[in-house]
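Here is the structure we will look at.
Think of it as A, B, C and D in the order they're written, each chain with its own count starting at 1.
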């Protein structure tokens, strides 16, 4: 069986990572087309991959006859149009989060895919493919913890780019915990509140950091998330599930390195993963390999995905929109979503 | 210098522990009088300690000329009267929490002690004497974490007595995190909200469990506490301090015992401390030794305490009262306290 | 660039794993030929891989024009002949340990490859590709621990097949620590002693278990290894490096699952990886991907390997032979090896 | 019951610690007499303890009518004479290790005590009173690990005084693991070998460091100990027990402090206890409280001890003497001890 031919749209840090991943670590696929709004960047990346060329227009790249499937790593505001183009050409697409940047257009994408009667869209919530999250989910599904009750999350970054603002903490960081919650609990989030503690004196002017998100699922389960994106320490993602019959932790560090102190006693410990690429590199590999395999068998199954769907992207958008509203008001905000049953095939 | 002669009032599980502690592990003190509303119990305990006798009335025990200082391990509703009696007799007293069972009488106790111009009352918040909490406080005071920002707490019990109700989770369990917050942050708590998630199906009828407490200090620091008193697992108390320059964890388990599985792979891990006596036994020893030492040097200093004061007991009562109100309403409740400066000497 | 066409010889548990790995997770390669002395097994495996067929004779499989490179997962005693056939056909080969089953034939293989002037043979010591071992090696090479001094190793299996005997503990288990030692210390092992403690009452009759290996490198570094292959617990591999300026641990478990106890207090901990496939699955993936990449660029470099060489296989054989001698005598035995410089190109 | 009156002989770092311990943290005892070969030091210490005076001659201190029991924290070479004086005066004595500095005099002490028909001598192996060692011993005695098989120990110091030499590593450091082995395994050590790896370049000239001790018990159990006293890191004591049915670790660090890195990613970890006083302070407290309690009930029981006996001190001396011999020869040395049954009462 011949390799899947893939177009990667957007070759910034993440997209370039995906090109390298597909070219050197994923079985059954090769990158034939790349695209970026910076033409030279696309051409430089293409030059490093045998059999790959740069295409100047993202919609041309999607339509290209030499392309079987698409990876979207473009800026969020362009996703809308590009996803609809993929649906028009009936080409499977792995779309980095967000699905789209507003709730309405996300819902439109969900509906358009549902009308096609095929699953073509997968959203890149990579944590679902992390070994620890997968193991936790498997233990939960096996009933190891009885009924799940509470989820505590910590999501810390050492620093953010100067362009970051308070609402991006919700839309770019919290969105992962939104998806983790829905993944682990298998239900929707009903309401969200963003608490704004006294801010980190070391944070850039104007950004609310840390933020505490309080979420409640439709059945009343509680989730809290510490979002802290200017810690100066490292990238730390931890999740504790508390259930009726036990609890479990994800993301504790391992390994014991012992070193002498400059002054005072020696220390033990280790490095924390500095960024999401180190922390979730393996998860991305697994995500991509499973996606490639699913796309290759899609003709037979009608399902070209093996992971979070367009609906999952829409639900995340709806929760984050409510979160941004709460960030302004400081009050709990109900999440507004259409009834999934009202969209056959979604 | 002769030993301090101590009366222990209330010899239930905790009071009997304290008698044994004073008799066998604390230097410079001996128990001369015990009292309990169950006379036989008091007599049985007295019989086991050389030189100790049972006294039938708690106020007589306090007044006894053979008593230099008092330990109160009686039920909370009796504390009020007994504390005032100690003040009347100018006898130092170590009072198990709560100071009293309502805010008004706690404030009255604060005022009466302040009028005396001596510090005679210490409240038994033992976590302040736990090695890990002391170490964390020392690191914070040394500036190791920069400005403190957020505190995450977990407080779990395997089970509670049948008599327990939802408000006791706040008054008996949360009260410790209230004191820990005030101890670590050195400021008052301004507001509190109790969130009521879907309840543990294994919890007794009518009790809200788990509960999530959200507190905000006067300067805006955020504290969240998971209270879960029917876990069926063990006694788990964890605290994570997040500061401007780093974070720290208290209460993780240690030790690695590896065992074969009955079926499937082997496991590693260890036992969790089953109850507060195992978890905080050392802290109680330290608390008592330091209190005995303080009382013995009190004549010289005018301060017969070395730990949380009557004011700390009053503040905890005020926060818990607001917490119980929030438990009913589900809304955030502002904590109502008098201005400390309005009570000279408090 | 077209995919590398690979023949996998031996499709027992490990070989079948490698076929599945190459077919579904490795980029740039596909399995075109499989072989096994059990013909039906080879045919069954071939049937599961598009474009793959079974070939009855291992030497025919190596010679097959549809094969660019070879993976040897056949029994050790056949390696000798098969490796020489690979050299004769100038085909790169990834050979599961051992290189060969005796020192003389291992040396012969080293010499024959050296005469060819190309690196064609890589030995399957997969730990060199494990994330933690790679990280430790990188830290050591960066001088993080100063001069390395001591290595403590633990190598435990829950159980071994009935056919296992005492010398196989040395040849099949210890061989990994022999390679780890040479990898981390970058020097040869000069002597080895096997200590035989009182045996595990639960071990099969006639097998010495546990065994303690004491090794000394040419510069005098000390290595000890606990070999214990009937623990009944799980597969545990731990390594502690002690250096002049600090130390580091590999293989501690991570994650905290808390569960109620049947009787008595609750426990915390987690599962230990049950076997080497779970523990080192990722390492095998990395090993194979890097090997495939190296083979594909071999025409240009003359080096078709990216990992342990035939010399490493020979050195391991020499140390294990001395170990088996010590197992008999109980005395330290000097390792007998030729001078590497005497074989140009080795 | 009146307090036990204690003489502390030797008030260097350790003896002064013990005076402070007895004066401020131990119930039922007070220090009435102190002695030191530096008279001023003894007088300074005495001045800090109410009711305590300095006595110039150690034998006078022992004989003093104001002394019920003795703590020996004097240099090892003086123990011999002082212990015999305690026996002559029939005064219970807690003797810091070593019992005496040579095997013959240790045996003499054992015999003299046995002749008295009372247990008066306890040796200060404090690890037997450490929470973790006590817990491990309890689990072993409960059969949790089945038959014990192997013990791995690590004993590291950040630095040693300039006067330290290679044999002191055996006599002062290893002696603790000798006692731990005998304590946990309940049997004697039959042979010992000291392995001398290439030395730490940072160690003072002339000291062999690290050293590896290999011991074998009479029933064939294996023990290895890494002794490394110039690590520059901290005081680290770890013990791993491996049994037929599982294994357990003592001495891993706990707590997770996270800090930003100066350069590169942040780190996690914590301080390691800098010295034995921090690591084993609690164990000393427990040791002393239990010893005081035992002495106070000794009149009734004839046993004035609750811990390691003179025989334990003798056995440790015998093993260390063999260790020092092996340090010279590099060969395994059999431990030479008299048959315990030949000394009735020992």
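Here is the rule we use: contacts are C-beta pairs under 8 Å (C-beta built on N, C-alpha and C of every residue); 3 or more make two chains touch, one makes a residue touch a chain.
Each chain and its UniProt protein: A, B, C, D = Inositol 2-dehydrogenase.
Here the structure is a predicted model, which is why all the values come from computation and not from measurement.
Fitting chain B (Inositol 2-dehydrogenase) to chain C (Inositol 2-dehydrogenase) on C-alpha positions gives a rotation angle of 180 degrees, to the nearest 5. Residue-numbered contact pairs of A-C overlap by over half with those of B-D, the repeat interface among A-B, C-D or B-D.
A centroid comparison over C-alpha atoms places B as the chain most distant from chain C (Inositol 2-dehydrogenase). Look at where the CA atoms of chain A (Inositol 2-dehydrogenase) average out and do the same for chain D (Inositol 2-dehydrogenase): the two points lie 56 Å apart. Chain D (Inositol 2-dehydrogenase) has its Cα centroid 44 Å from the Cα centroid of chain C (Inositol 2-dehydrogenase). Chain B (Inositol 2-dehydrogenase) and chain D (Inositol 2-dehydrogenase) have centres, each the mean of its CA atoms, that are 37 Å apart.
Residues of chain A (Inositol 2-dehydrogenase) in contact with at least two other chains: 231-233, 245-247, 252-253, 256-260, 266.
Those residues of chain C (Inositol 2-dehydrogenase) lying in contact with chain D (Inositol 2-dehydrogenase) across their complex are 146-147, 149-150, 152, 154, 195, 197-198, 200-202, 210, 212, 214, 216, 219-222, 224, 226, 228, 231-233, 242, 244-247.
Residues 1, 3, 22-29, 50-51, 132, 139, 144, 245-250, 252-260, 266, 282, 289, 293 of chain B (Inositol 2-dehydrogenase) are the ones touching chain D (Inositol 2-dehydrogenase) in the complex.
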